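For clarity, chains are labelled A, B, C and D in written order, and residue numbers in each chain start from 1.
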């Protein structure tokens, strides 16, 4: 039983926004909606780091907890999806989400937001896999085709990884160990380090 | 007077509840209960570690600034971790969603018990039939407008708050979603009408609701419910004034927080939204609970009190029982109408039989 | 099935009843008997008629203070409803697609809501006044209450259906509109059309007597 | 169905024209008319709401001309109209309405409510639901020639008296005179000064005029009660008299309802257009002043105001003329609040003043005029209708106000300039 997760390696992310573009392109997402975004901390300063963020498919998702119409569900792969036929566009999930993943096509006066849209882990929605309805509402269902999310597949530095949590864990572990071998690369400590990289 | 006794009981109940809720709120992250039941797709008990955990833990624990920048423009798009979101979500589930139904049912039960035990509070000597003018057409229209809009907002609001627990099991997800969408759109549309009515209410009634000297006595005597006999009151008595200011102040709080929630286009952040939501829900539940008491007293609770908001005239005996100081000025100004005169002003004179019922029936 | 009924036969039925009913009612007025006035006119009847059709939009200053509630609420309701009826985006699209073949610029969503709020506030106040004021209560008929409630329900279902993607709510709105359209020609809702001949007749009368009304 | 009900309903059906149909299908029962009605504002009794006074007509329209009513009667579930539907409205229509027409001015849907009330009066009159006072007046008008029972003998006495006072010959039955002057009973019995004023003014202006021994009475009790046949009969007398003398013009006296009856409703009552022109005395005076044949002198220093008689101003369109006439002679002229076509009625129009039953109500509703006058602190009130004048004098006396009432024509006569030739 797989448990699908994203992992973004802050040491590798170069803020190229290719993941954002790939995602928008793959799912034909309208302007204003960004299922994925890259956040840069300390931009232009020492210790600058970037992270690519989207829905993290939490095990105990706050969005699902707070949804007044209970439109979220978790797939057998551990992916948190939602049913746009049920969503009423109230915006609660956006308040509750730690990562700011839920997006709305509009945010007009009198709370006209439209149906919530968020990262599906390229797994579509409740409709039949890659049916035209599913594609219109949620974008492509790559998982059903045996493919991983495009954002991770596209990532040129392999900073963004997507897949089974156990596999990602082992990759990450290996990276940490390798990085530890070089004192200069112990990046996160640049701030306190006497040696200016 | 009974009115505000009720409201004072409710006050206590509400104070207690709100204190409890505050305690819950502060301890919510620690005592957070389990989330809503998951759909059975995902096997429970399978525990895997998210490789990202370490990273996010680091981001949160290190003294890095939480706000960064992003090429993506949007509300809070530079915020990496929204720390309050989960707390708010749990608070919402654990407090208003869990306890509001209990509170509202309790209020209804208390009133029912009171009605059974004490019955309708009458007036010594009964109603005289002689009437005195109290509220203009405009004032009554405004009151009922506020009442209708309030009821609509209360019902749609409660659907959005409690529907998931109470209605989805009955209607299923799709039908409930339909109801919830309608409720949401209606709620957002009628909210500003509530605010406008409230402000007009403030303008029309504020002067008569300023607390006066005798009001403290009224409060000390418990609105006449504890001891025997009615307590002195002016045009509005202490209980009515308290209800009025509760409506105005809590109503304004609800309205302002509602406006913050309903205009996402101004780009206020999530924290402001969540605080507004808490204020909104709390204020609403308080107001709904107390309004049930108000409705009880205005209808079956007290003899003769509904007439003032229907015809605009009240029985002089009712006025003397509940608003003796005002009734005195009415006597002084010779404003009391006979039953015949009152009937004539209502367009159904007592003497001229059947035909005057007029147009209403065809 | 229900959708087919509402969007098919029922829609055409109500559209026909509405159109034929309104035309029939108007024709009845136009072709009803009416005597020519044999007295010598002092002023022009036709200019009086035209003037009166417009001048009655503004209340006489002598009683404006006494009828402020009706005037303010009345204007809020009618202007709001007018804006909703002809400038709400779904209505413009519907008219363009199914009735007229051409469209115009609809108002933005926020303006829709504001118009609806004006209309609702006005309608609620007017209807409450109808029930609370002793004059209105005495002269009101069942028809007045039915039309008030029906209009309210139509507006409400329309606004509740604002959420995107809830087809059943749209159908509900559609259905209530059909009820309204069927009821329209046989009720005082006809004042939406008959106010013109009514004002014109009176205006002509005033006009030929040389009265500035 | 009783005969009188049948008669009443038939009259209602006869009066159901395109106007009434458009009125009832546009009325939304907003109640605005109530605020314009003197009888409602002074009593706050909702039954005096103008549109409520038209209920018999509306009920008939509803049961026989509206879709639901006709459906109900086809199905046999409609409630037929009863005698009470007419009888109960007698008091509202005759006592509680002075036909002032203020309601017709304010209706947002443009309903001429006053006209519909008049039509209801027709039905009540033929069905026999009319107050005794008016029935008597109609009887006297038909039998004696005047609603107040004034005979030709009394008229001649008045003429003689006027001739003595003015030293002028008052022409009687002069064939081919330009103007045939009519009088109202009030003017003969209560205000003979009017006739003297006419004599002086016409002498001054060189107008060729006459009175007629056959047609001297201008008032029309038939109009007040709403009986079109009688009204036509009374109008016909005037027409015959004028035709006999070959008068080109007929002068309506100041009296408001007489003017309505002669000028506007008369041709319709008798079913044909007049061979002469009807002109109101104020119109005529205004014309004479405009063409220079009427010259006035001297100024009234008293603070004066003008009460607009409903039938002459609001329903008659003579609004500017009295002001034109007053302007050169009144130094201290002030307008009433709500003056002109929205002025308040004295409370005695439409036959209310001839209806003893309505006395108390008439005095109650006079409060409005009283406060209008008191507010201005005037020395005297000028008006141009002997009925208004009589009703207001009565009201002023009851309220102990001590303000004299002046007839406009008499006032002009007092200010005639010396003849230039």
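The working rule: contacts are C-beta pairs under 8 Å (C-beta built on N, C-alpha and C of every residue); 3 or more make two chains touch, one makes a residue touch a chain.
Here the structure is a predicted model, which means the values were calculated and not measured.
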Pair of chains joined by more contacts [C-beta pairs], C-D or A-C
C-D
Kindly work out which chain lies most centrally, taking the average of its C-alpha atoms as its position.
C
Farthest chain from chain B, going by mean C-alpha coordinates, please.
D
Cα centroid separation, chain A vs chain D, in Å, comes to 87
Between chain A and chain C, what is the separation of their C-alpha centroids in Å?
52
Measure off the straight-line distance from the CA centroid of chain B to the CA centroid of chain C, and report it in whole Å.
34
Return the residues of chain D touching two or more other chains; collapse runs of consecutive numbers into ranges.
29, 46-47, 52
Contacts with two or more other chains, residues of chain B listed in rising order
177, 181, 184, 188-189, 345-347, 358-359, 362
Going by the contact rule already set, what residues in chain C reach two or more other chains?
113, 133-135, 137-141, 162-163
Quick one: which chain pairs are touching?
A-B, A-C, B-C, B-D, C-D
Flag every residue of chain B that touches chain A in the complex, lowest number first.
35-36, 38-39, 41-43, 46, 48-52, 54-55, 58-59, 62, 64-65, 68-72, 74-83, 85-86, 88-90, 92-93, 160-161, 163-164, 168, 173-174, 176-177, 180-181, 184, 188-189, 261-265, 267, 270, 273-274, 277
Can you name the residues of chain B that touch chain C in the complex?
137-138, 140-142, 144-145, 148-149, 177-178, 181-186, 188-190, 192-193, 196-197, 310-312, 345-348, 358-362
Seen from chain C, its contact residues with chain B in the complex are 69, 113, 116-117, 120-121, 124-125, 128-129, 132-135, 137-142, 156, 159-163, 166, 168-169
Residues of chain C defined as touching chain A within the complex:
108-110, 113, 162-165
Where on chain A does chain C make contact in their complex?
84-85, 88-89, 108-110, 112, 114-115
